[in-house]
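Both complexes shown next keep chain A, but they swap its partner, so chain B is in the first and chain C is in the second.
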Partner chain A sequence: MSILIEGKSGTRHLLMGNEAIARGALEAGVHVAAGYPGTPSSEIIESLAKVCGPRNLYVEWSVNEKVAMEVAAAASFAGLRSLCVMKQNGVNVASDFLLHLAGSGTRAGMVIVPCDDPGALSSANEGESRHFARLVEIPLLEPGDFQQAKDMIKWAFALSEQIRNPVMVRSVTRLSHASGNVVFGDLPAVDAEAYFKHDGPALDPLQGVMLSYPVALKHRGQQEKLQQAVSLFEQSPFNTYEGPENPELLVITSSACCLYSTEAIHLLGLEERVGLLKLTTTWPLPPQLMENYLARTDKILVVEEVIRFLENEVKVLAAELAPRIGIKTFFGKKDGLLPTVGELNPDLVAGALARIFKMDYEPVAATYAAQAAEMAAKAPGRDLTFCPGCPHRASFWTIHNVLEMDNRQGFVCGDIGCYSLAMLPSGFSTLKTLHAMGSGAGLASGFGKLKAFGMDQPAVAVSGDSTFFHAVLPALVNAVHQQSDITLIVLDNSGTAMTGFQPHPGRPVDAAGNPAPQIDIASVCEAIGARVRTCDPFDLERTERTLLEMLADTPGVKVLVLKQICALSPEKKAKKMFEMRLDESICLGENCGCNRLCTRIFKCPGLNWDAAAGVARIDEVICAGCGVCASICPAGAISKKEVA
Partner chain B sequence: MHVFGSNELVEDVLKTDLCVGCGACVNLCPYYKTWRGKTARLFPCDLPRGRCHAYCPKAEVDLDELSRKIWQTTYDGSPLGNHRKIIAARAGEKMLPGAFQAGGTVSALVTVALRNGLIDAVALTDRQGLTPVARLITDWREVVNCAGTKLMAAPTLAAVNEAVGQGRRRLGVVGTACQMTAVAQMRTNPLEEEDFSDPIALAVGLFCNWSLDTRQFQQFLSAKIDLAAIRGMDVPPPPADILVLTTDTGTVEIPLSQIKPIIAQTCFTCPDMTAEFADVSVGMFEGRPGWNTVIVRSDKGAELIEKARGEKYLETEAMPEENIAHLSRAAAEKKARALRMLMRRNLLNNKNGRHAAVRMPTEIVERILKG
Partner chain C sequence: MQQTTLLSDPYNVIITGVGGQGNVMASRVLGNMLSEQGFEVTIGETFGASQRGGSVMSHLRISRQTAWSPQIPKAKAHVVVALEPIEALRVLMVFGNPRTRVLCNTRPIQPVAVICGDAAYPDGTEIRRAIGELTSDARFVDATDAAVRLGNPILGNIMMIGALAAMGGLPIGRADFKVVISRTMDADKVTANLAAYDMGVDMIGAKEQ
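Let's look at the complex of A and B:
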């Protein structure tokens, strides 16, 4: 059983930020939670899935973020509190629905939690969800610590019900994935009843139809709701100030930067000179509260991550308030004091403070770079690479080789998942484009129509199994209908591996682990009208032959499903398929005929080059027993024996 | 002979369209592959010297050195190369029937060599659809399955390398002039390997003026006829000026003017029309369908012909002098044409560390150009 429902009210627990958010939702009496896996957000839905039985909760991993938001909205319309979770760029996917949802309004509390990834630690972008709150005009909350992460979720549900519109509570990697102490509150009773009332007066928010029509009328109503939210923000207990009554400098910050700013001020001993306003209700800003603090000083530093949002909002407000509070000097990103890309940290904030106060502060020792380089030289080389036994290494080996053999300068349009790594040498630098979920197939669909302009390079796209359902399907339908000439390779490793094996529609289980109907990717593609083949990527020879033939085949849409379970999948239980042996007396090493193919090019971490002996060796501890290297060794030095 | 590595082979041959796709670099290592008439290298290899480069007939071929090693004599640039005699021949009464290109001399010689254990296996050229593919044949009854000329450059030598890799040492091989150059280089142990032994027991060369680029030929034909119906192809001697395709439903004639643009560009740099480094070289007998012209070059070649004739697998006749003179003229013209192209492309006898495709003594160059 999970601590999330066992922990008694008033007790203190060490929780990951994402668990705190989940507990907050439970304390708010959430009944439906939906999301699409994406780092750093995935643990929220996972934590809720674990307690769905005892808490009378419906939890799902939806096919994509837009559908997740629609599923959550349906619950709200039917009177159940609902939560919708995604990573930052998931909001882009859901935004079309969100725009209309903000227009139609909601009923029971609906909270949207995007987890942003400043610095793109696990993303292909540094996108931001904050701007979407302003774009679609819904309230934005940003907890600054773990306790707030829990408490503000509960508060957000109440707010959503008060204004009958969704509320966005934004987290970031350093909040979602770090841990801190959280004092629990009460859990409400679990019973709930769903009913969608739709036959009352059309414009009645609780009994009528849920539409964004008539648009102007609804839009005006929405903006009035936002004003209600602002007046609640003015009183919010979650916005706090610490520091002198009239500081020399006011630091305004939010989210994880609250922690960085506190530490930076402490580091420089500026507690008596700097005031720190930690805002959690960041859009729309409450003007009276802001006036109160802005009036206390002439200099203001805004600390936030990635591009300017808070800084601009504060400046607009300060301009409006100027007749009363006077003209201020602003520090932040506009003047280049803080970077507009990447994460912040206490050092960067301290550096900014030191420059404002003309203090002699070196956040990083001058010798640091040299020392780091020296240490790095001592550490063993660690490429960013696929795991030992990863099916993607085998798949990209073949895809790369086939495109070379095909010899028409063909290329692969990449997509989002572990296999994005194939843009690097670990995947033989096979990917030549990488954008959003499903964009590989979409780009290929476009490339595949350029024959008329003399382009005869084969266009290939790759997609993971989860990505296939998420956003590849429409692109594939497009390619078939437009008679584009593409080959789509679905790298089916039986789960959403990159984010932790969450199930997807191609799996026979749902988020709670119950049996669920499984949708067969090959059959779907066939039904759309593509020519489909299926191979085991570990069978290099057959996969190579099949793909070569597919590329040489007549034009049209072809799909190759490469099916092999992820090496780390819990279902595999780390069991080796083969016991591998390398006969060093046969190994050709650096001689003509091999030149270290396995350790120089294939580079599975289970293979080591013994430079002194001039032979390759297998590291039995690391080897996952997939057997693939036996098929690539030109000398037949590697043999495999099936494990009983 | 200058031997470099794989990276140089890619730069000097693959990237400059000099590659004919002969297969000499394929199956030596995991890096070179052949597919649908093209040779590709999968990954970089930084070895300074490799067999791929050493064997390639388009990279640093030193004809004088090769001639000394194979024939124990200097390269003199004579039109038909080192040889003992030139005869006419065709398959004898004992030879299995087959869809021979001309007299079936090639198939007959290979059959006899296999039957008598002079060789254990032979690398021939079959086709899959219209794509030439290498075949290693060990059963003499299967030789005829590969009869007939595929007018496209073929990766035949990939089968030789594969067989050598499997430990075979008494191999036969049939191939065009460039392939015979590669085979000669294979036989001379260019990398000075300690445990080397010559794996080639019989090299049968084919006369060759040019070959077609496989992919372009397929593309060209697929717009005109059903590729699956093609049974054979031939270029009859001048003044015909056509390429003739035999199909299930009759013959199709294509003017050579349409074929010329799809000749492999590398063939215009090739100075060898009669496979000068083979044991025997076989070509058409102009004006006498069903017969071959045969140039006997080595003792081994001469012995094989005697044996084949004795066993009634081969029938021979003297070759008329005027045919030999005509052949010689054509071969000399090809040599001169090729040298001019090599010089225009800066590929002959390069100095100052710049790589060449072909090297030969300058006085021989002059002799060939004078004609």
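Let's look at the complex of A and C:
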């Protein structure tokens, strides 16, 4: 059983930010939660899925973020509080619906939680969700610590219900994936009833129809709701100020930067000179509250991630208030004091403060730093690579080799998942494009139509199984209908591996672990009109032959499904299929004509290179026993024995 | 007698290793042991690529007062627990200072660059010397091999927690460990984990004689 529902009111627990968010939703009496997996957001839905029975919750991993938001909105329309969760770029996917939802309004509280990833610690972008709140005109909240991550979710539900519109609560990696102590509140009763009332007066927000039409009327109403939100923001207990009455400098900050700023002020011992305004209601800004603090000083530093948002909003407000509060000097990102790329940390904020106060900030003696750097330079870097026994390493080995054999300068359009790593040498640098979910197939569909302009390079796209359902399907339909020439390779490892193995429509279970109808990727592709083949990527020889044939085959849309379970899947984890043996007397090392295929090119981390002995070795602790390297070694030095 | 106060507030611990070694699990167990005693614990984790061979780090801040930044400021680590030797060097470069203490597992995990021959893995004695020079107290234990003998390499993390407790400096002991592990793990795993913890304690005890 989970601590999230066992923990009594008033008790204190060490929770990951995402768990705190989940507990907040439970304390608010959420009944429906939907999302699409994406780091750093996934643990929110996972935590809720674990308690869905006892808490009378419906939780789903939706096919993509737009559908997740629609599912959550339906619950709100029917009178149930709902939560919708995604990583930052998921908001892009859902934004078309969100724009219209903000116009139609909601009924029971609906909270949208995007988790941004400043510094792109586990993303292919560091895009931000904050701008979407402003774009579609809904209130934006940004908790600044773990307790707030829980408490503000509850507050957001109440706010959403008050203004009858969705509320966005933005988290970031350093909150979502960090942990801190959280004191629990009460859990409400679990009973709930859903009913969608739609036959009252058309414009009645609780009894009529849910439309963004008539647009002008609804849009005006939406802006009035925002004004209502602003007046609640003025009174919010979550905006706090620490520091002297009239500081020399006012720091305005939000989200994880609250923690960085507190620490930076402490590092420099500036507690008596700097005021810290931790804002949690960041759009629209509450003007009276802002005026109160802006009036206290002439110098203002705005600390936020990633690009300027708060800084611009504060500047606009300060300009409007200038007749009353005077002209201010601003520090932040516009003047280059803080970076506009990557995440912040206490040192970057301390550095900015030190420059403003003309202080020295040297965390450690330069001699120590130099010595430590010199020694660390001897530590070879760790490039990311597929896990030992990962099916993708075998798949890309073959894809890469086949494109070389085919010899027409063919290329692979990449997509989002563990297999994105194939842009790196550990995936033989096979991917030549990498963009959004589903963009591999979409780009290939475009490339595949360029024959008329003399392009005869084969266009190949890859897709994961979860990605296939999320956004590849429309691109594939497009390719078939437009008679494009593409080969789509579906790397089916039976789950959403990158984010922790969440189920998707191709799996026989749902988010709660209950049996669910499984949708077969190969059958779907066949039904659309593609020619489909299926192989086990661990069977290198057969996969190679099949892919070569497919590339040489007549034009049109071809799909190769490479089916092999992820090495970390619960079914497979820590279970070796094969006992591997490397016969050092057969391994020719550098003298082998193979140029050390196993370790120099294939380089599964389960293989080590013993430079002194001049032979390869299997690392028993790391090897996952997939057996693939036995087919790689041309000398036959590696043998495999099935584990009984 | 188990120490009950912090030598410094906040007290900063970094656990570092390679994806797949169980960094996150170790930081959670340690964090829970401290939270259990009423400390404010903040843990910052970089585990986006944790399963895919990258360097992984957990930052623990332990305080009587409040939550601190999930990223420790530069040069402010009091203790570095390295599940892999060269990761200790990497962490010291940014977060070390001459008073930092290190507990280091000696089992290397070759980076891809070493496997393919683009880079060399530094010699074990050289790593020891470097870590020793950069810190006030450096302990080396062979937790992975001991854990393999115990039947599961992942238990190496638990040995490291036992060894960390035995090193002193943190207000933690066996009782805290038992409470946390009994709550978070299935009953059949508790014995093996306690055995691993005790082996870790002994590894440091043996050193001190």
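We take it that the second predicted complex is superposed on the first by the 624 of 644 C-alpha atoms of A that agree within 3 Å, B and C clash if a C-alpha of one lies under 4 Å from a C-alpha of the other, contacts with A are read in each partner's own complex, and residues count from 1 in each chain.
Basically, a contact is a pair of C-beta atoms (placed from the backbone, for glycine too) under 8 Å apart; a residue touches a chain by one contact, two chains touch by 3 or more.
For clarity, every value in this text was computed on a predicted model and none was experimentally measured.
*Asks:* Overlay done on chain A, so just call it for chain B and chain C: clash or fit.
*Replies:* Superposition result for chain B and chain C: fit.
*Asks:* Classify the contacts of A:Ala350 with the two partner chains as first (chain B alone), second (chain C alone), both, or neither.
*Replies:* Touch status of A:Ala350: second partner only.
*Asks:* Per the contact definition in the header, classify A:Val190: touching chain B only (first), chain C only (second), both, or neither.
*Replies:* neither
*Asks:* Where does A:Asn181 make contact in the superposed view: on chain B (first), on chain C (second), on both, or on neither?
*Replies:* The answer is second: A:Asn181 touches chain C but not chain B.
*Asks:* On the A-aligned overlay, A:Ala202 touches which partner chain: chain B = first, chain C = second, or both, or neither?
*Replies:* neither
*Asks:* Between chain B (first) and chain C (second), which, if any, makes contact with A:Ile601: first, second, both or neither?
*Replies:* Touch status of A:Ile601: both partners.
*Asks:* After superposing on the shared chain, does chain C or chain B touch more chain A residues?
*Replies:* Between chain B and chain C, C touches the greater number of residues in chain A.
*Asks:* Between chain B (first) and chain C (second), which, if any, makes contact with A:Cys592: first, second, both or neither?
*Replies:* Touch status of A:Cys592: first partner only.
*Asks:* In the combined three-chain arrangement, what's the angle at chain A toward chain B and chain C (CA centres, steps of 10°)?
*Replies:* 90
*Asks:* According to the stated criteria, A:Glu404 is in contact with first (chain B), second (chain C), both, or neither; which is it?
*Replies:* first
*Asks:* So, A:Ala322: does it touch chain B (first), chain C (second), both, or neither?
*Replies:* neither
*Asks:* For the superposed model, what is the least distance in angstrom between any CA atom of chain B and any CA atom of chain C?
*Replies:* In the combined three-chain model, chain B comes within 12 Å of chain C at the C-alpha level.
*Asks:* Could you give the residue numbers on chain A that contact chain B in one complex and chain C in the other?
*Replies:* Residues 601, which sit in both footprints.
*Asks:* Hey, which residues of chain B end up touching chain A in the complex?
*Replies:* Within the complex, chain B touches chain A at residues 28-31, 33-36, 38, 40-43, 45-47, 49-51, 191.
*Asks:* In the complex, go through chain A and note every residue touching chain B.
*Replies:* My answer: residues 400-401, 404-407, 428, 548, 552, 590, 592-595, 597, 601, 632, 634.
*Asks:* Under the touch definition given earlier, write down the residues of chain A that touch chain C in their complex.
*Replies:* Against chain C, chain A makes touches at 12-14, 39-40, 117, 121-123, 145-147, 173-175, 177-181, 256, 259-260, 262-264, 267, 345-347, 350, 363-365, 368-369, 371-373, 375-376, 378-387, 418, 421, 425-426, 568, 596, 599-601, 603, 605, 607-609, 611, 619-622.
*Asks:* Residues of chain C touching chain A in their complex?
*Replies:* Result: residues 18, 20, 28, 31-32, 35, 40-49, 51-55, 67-76, 86-87, 89-90, 92-93, 96-98, 107, 109-122, 126, 130, 133-134, 144, 148, 153 of chain C touch chain A.
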